[in-house]
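The chains carry the letters A, B, C and D, assigned in the order they are written, with residues numbered from 1 in each.
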Amino acid sequence: MASTSHPVLAHQFESLEQQRASTSLGMWVFLVTEIMFFGGLFTVYIVYRPLYGEAFAAASHHLDIGLGGINTAVLILSSFTMAMAVRSAQLGRRGPLAVFLVLTMLLGLTFLGIKGVEYRHKFEEHLIPGSDFRFTGVDPRHAQLFFSLYFAMTGMHALHMIIGVGVLGWLLVLTRRGRISAEQYDVVECTGLYWHFVDIVWIFLFPLLYLIGRH
Amino acid sequence: MSVHVVPVKTYALILAILLSLTMITVRVAFMDLGVLNNIAALTIAVIKMVLVILYFMHLRHSSRLTWLVVAAGFVWLGILISLTMNDYVSRGWLGVPGK
Amino acid sequence: MEELLPLFPEQASSLAASVDALYFFVIGVSVFFSVLIAGSLIYFFVRYRRREASQVGSPVHGSVVLEIAWTVIPLAITMVMFGWGAKVFFSLSRPPAGATEFYVVAKQWMWKFQHPEGRREINELHVPLGVPIKLTMTSEDVIHSFFVPAFRVKADVLPGRYSTVWFAATRPGRYHLFCAEYCGAEHSRMGGWVTVMEPSEYERWLAGESPRRTLVATGEEIFSQRACNTCHRPDTEVRGPSLIGLVGKQVRLTGGRKLIADETYIRESILNPGAKVVAGYEPIMPTFQGQLSEEELVQLLSYIKSLGKSAGGESAR
Amino acid sequence: MKNTAAAPDYLNANYGIWSWLLTTDHKRIAILYLISVTFFFFLGGFFAVLLRLELLTPAGDLVQADTYNRLFTMHGVVMVFFFLIPVIPAVLGNFLVPLMIGARDLAFPKINLASWYIYTVGGLVTFWAILNGGVDTGWTFYTPFSTTFSNTYVIATGLGIFITGFSSIFTGLNFIVTIHRLRAPGLTWFRLPLFIWAHYATSLVMILGTPVITITIVLVALERAFHIGIFDPALGGDPLLFQHLFWFYSHPAVYIMVLPAMGVVSELVAAFARKRIFGYEFVAYASIAIAVLGFLVWGHHMFVSGQSVYAATVFSVLSMFVAIPSAVKVFNWTATLYRGSISYQTPLLYALGFIGLFTIGGLTGLVVATLGVDVHVHDTYFVVAHFHYIMVGGTIMAYLGGLHYWWPKMTGKLYPEFWAKLSAMIIFIGFNLTFFPQFVLGYLGMPRRYHAYPEEFQVLHVLSSAGASILGVGYLIPMVYFAWSMRYGKRCEPNPWGAVGLEWEAASPPPPHNFDQIPVVSGGPYDYADKRNRGG
């Protein structure tokens, strides 16, 4: 019973090692549920894309490849800073940890800001699905289907980003209060895994949505 | 459990590769390669994903169980997509009108 | 007694008996195994009841031979079920060549039928005995399902596409027609009757109404009324492809994709012509979305299908 | 036992409403779940009573068609999402998984508590939708009816299911991590009770399936709110895609309901035959096989839907495969009784009831998996009867059996044996009378979800309704005596059945942290023969 007296060890665990292995496994399992969650959306996309390829391409040309590309870079950069944050936590360096957390948050917010600009353009161009949708092309119905998917997929992704930024803020508070150490950095690691996962989703969204039939 | 600390150099290298791949994928999209366009875009995305998982997410230094969990996620996604597509692709194969 | 407590449905189509035979096979297997399991349970239950409080079971751990046996034997039996079931399913799904084509439009909550001779009915379908009949069906709103238990046939009727069902009635009579897919408030009242008549009687019934145009003729009229024939014409294919022999033929689309031009494709091409344009043509056709009812679409369709036949029979799939 | 000597158990370790609402003890959370699911069981049961009353006469005269549609929808929604899916994992699983593997709690106690709150919030949202008039789409929410044509609370109900989905995911996640990481020293995978194997398999399904229904519900809600046209053909979408996504989860969801039930039955058969489960390894593998194969068969719900004939054929053959591991389990349970030491106690009666009814439910599953016959029986009462044999005859039978078996563990009290046996009999008879006639009705062609029906079906419907009233009484009796026994029941010894298993090594009821000293395991499960050798 001596082991339970350790301050960061929860009573159901026998050792820190067991606790860390459990937390990490739990996070990976959670990410699997996220794969399946986004997987539903990807399935919808994969079903419709071959059926209405031309309409999808025509609609995709209304997306801003520049902004999309910049956002991809921003997100990849944020993954890097996140990885650096986890590394700082592993080494117990609280100063760098705080810096990298702030950087990651800023990059995340940049991404969301750019996304917001893109959404506003779509709104102004009447490309929001619904009664106000206007599209001059051969197959406006399936162009609308494309934009439905575009908003569903990027919207879900953005929601995950917002949650991620919130969690990062909470981590920052924990760091400032000295609650993160080389012994107890599971939360940082889990947040990192989550953040990288969200990045991976975007790595697929970018070519699937922005890069159709550009030649 | 010994924690594996990845050197900064590795992270920076991965970052550089990921950014270059992003540029490449945009470039490739503007070339007319026919069906290959889609294959190229997806291949590059998969490579980027694998790099992120292996290095940023430390899968390379994780237990076999973690590998198994990740594999399960992709296998089940594969089930969802392939058995759904199995319907759409095979419409009309058996010469039944409308099905 | 039979009318008060029926236990088995009538067999009134050419395929009903084969469905029932398959059913009895599966049920027979089920009864055999149910009795085997229940019998063993009861026997063991009595035979090996606990006789003193501290008694424990014998150390029997398992038997690989038994495990293999009760894996392989059920697997073999289920494969027979699968194979037999697929065979019956294919014959239920594939209408015989030359079946008479009726058209069905379902909506909340009624069934609308059109005979090829032009006669229309609601919630009542009269069919001649012994003639294979193929129903091409679509829905105006939600998913419905065409179900005639006496014929052992059922098929969902979907909005936006055509599904088919076929049968050849073998016994004159009146049979229940149900909607089997839940479709809203009056789902349970969306039904009617299928009346099977001797062919001669059917002819008389058809003639009973004042003569009207056949489906094909009505379709042809719409075709010229809507000016479809200005572009889709037999003599030149400059503005639009010829429709002769189109149904069932493979077409190439802009973008290189190929597909078989089935009824659903033709419907989509009328309503949303930009979606799948034939290679070599400009997307200049206007949409007829909201301008043609499902019935009119069906009439057009039967006209377009007739074009293939008059110009030299079914084209190869 | 003198009260001064007794160490506090989890029930009396502390008192007050907050000690329950803020507890992270898996045993207390199990009790919280027990209360919640019981509420939803009787709510869903109430709808069933109204349905069966309406169906006494063919004319559809008791309630309006519209009301009837809402009733069967809410019966399905409440029973499936708020009772059958959580019932065994969240009550029995929550209570027993840590005890059976020699752990002090689940890996994430706070997430466990969160899962109960999420479940409750989801339940309340759905309940709110019901009180406001309910929903009439059927629990299957088929598009475009649900997205475009229904005028009822589709989004609110969907939101309730969406929220509850997370509770299911949390439970599954917790079990997977716990079973991987918190097993007692020496407790290898093939020393685990089959209950644990079953819960592991169930958790896999929860983890891999639930997110797909979650996103599908989101898309339905978006389509309904903004007419975005993913599933409605009038807007360019495809309703079959909805069915694919829906059944990708909802078919495996059947295994979320029945796999833990199989786990319970394995424990009951072993305990009351005092014998190791025959072919233990095969039963364990069968659980995993069912969980995996269960994901490959969803298209058998769509044989007449307009999916391609080729796909239907593939799904049919895969559906046949999933029958095999279920059959293997049934054969092994039966063989376990051979040369056992069988005691006629209530839990075993339920277990035998389960085996019999599940056999019928499973075999009639072959009827609906066989393409040529399914065309005829699809969407008829045959299907209704088939899945009630699995869900009611299977899951609820096993749940009640398990509840009786572990009741002394959970409360430290005995239930009244006479009443328990009586109600088990009543339930068995009432169940068969309710649902057997529905097989006949189905093959006759009686479609499901019918408010009014042709007169020749009335006799069979009356039989079914009569059975339902008997079944209802059968369910009320345990409700009464369980409540009674909590206060007045006889105190029992820690292991009243003479069963083996780590859960019986703790006190009854167990102390808050289950084990003062984590046990070390040196042998396999169900080691009754060894117990005799030691004279125990």
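Quick note on the criterion: a contact is a pair of C-beta atoms (placed from the backbone, for glycine too) under 8 Å apart; a residue touches a chain by one contact, two chains touch by 3 or more.
Only a predicted model underlies this, so the values are computations on that prediction, with no experimental measurement involved.
Relative to the centroid of all protein Cα atoms, the closest per-chain Cα centroid is that of D. Top-ranked chain pair, ordered by C-beta pairs in contact, is C-D. Subunit A and subunit D have Cα centroids lying 35 Å from one another.
Subunit B has its Cα centroid 16 Å from the Cα centroid of subunit A. For the pair subunit A and subunit C, the distance between mean C-alpha positions equals 45 Å.
For subunit B, the set of residues that touch two or more other chains comprises 65, 72-73, 76, 80, 84, 88, 92, 94, 96, 98-99. Multi-chain contact residues of subunit A (touching two or more other chains): 21, 25, 29, 32, 35-36, 39-40, 43, 47, 50, 52, 141-142. Within subunit C, contacts with two or more other chains are made by residues 90, 93, 161, 163, 272. Taken as a contact graph, with one node per protein chain and an edge wherever two chains touch, the assembly is complete, since every chain touches every other chain. By the touch rule above, subunit B contacts subunit C in their complex via residues 92, 94-99. Residues 98, 103-109, 169, 173-174, 176-178, 180-182, 207-212, 214-216, 218-219, 222, 226-230, 235-238, 241, 244-245, 513, 516-518 of subunit D touch subunit A in their complex.
Only residues 90, 93-95, 136, 161-164, 260, 262-264, 317 of subunit C touch subunit B when the two sit together in their complex.
The part of subunit A that touches subunit C in the complex is made up of residues 50, 52-55, 137-142. Put simply, subunit C touches subunit D in their complex at residues 3-9, 18-19, 22-23, 26-27, 29-30, 33-34, 37-38, 40-41, 44-45, 48-51, 53-63, 66-67, 70-71, 74-75, 78-79, 81-82, 84-90, 92-93, 108, 141-143, 145, 147, 149-150, 152-156, 158-161, 163, 176, 178-189, 272.
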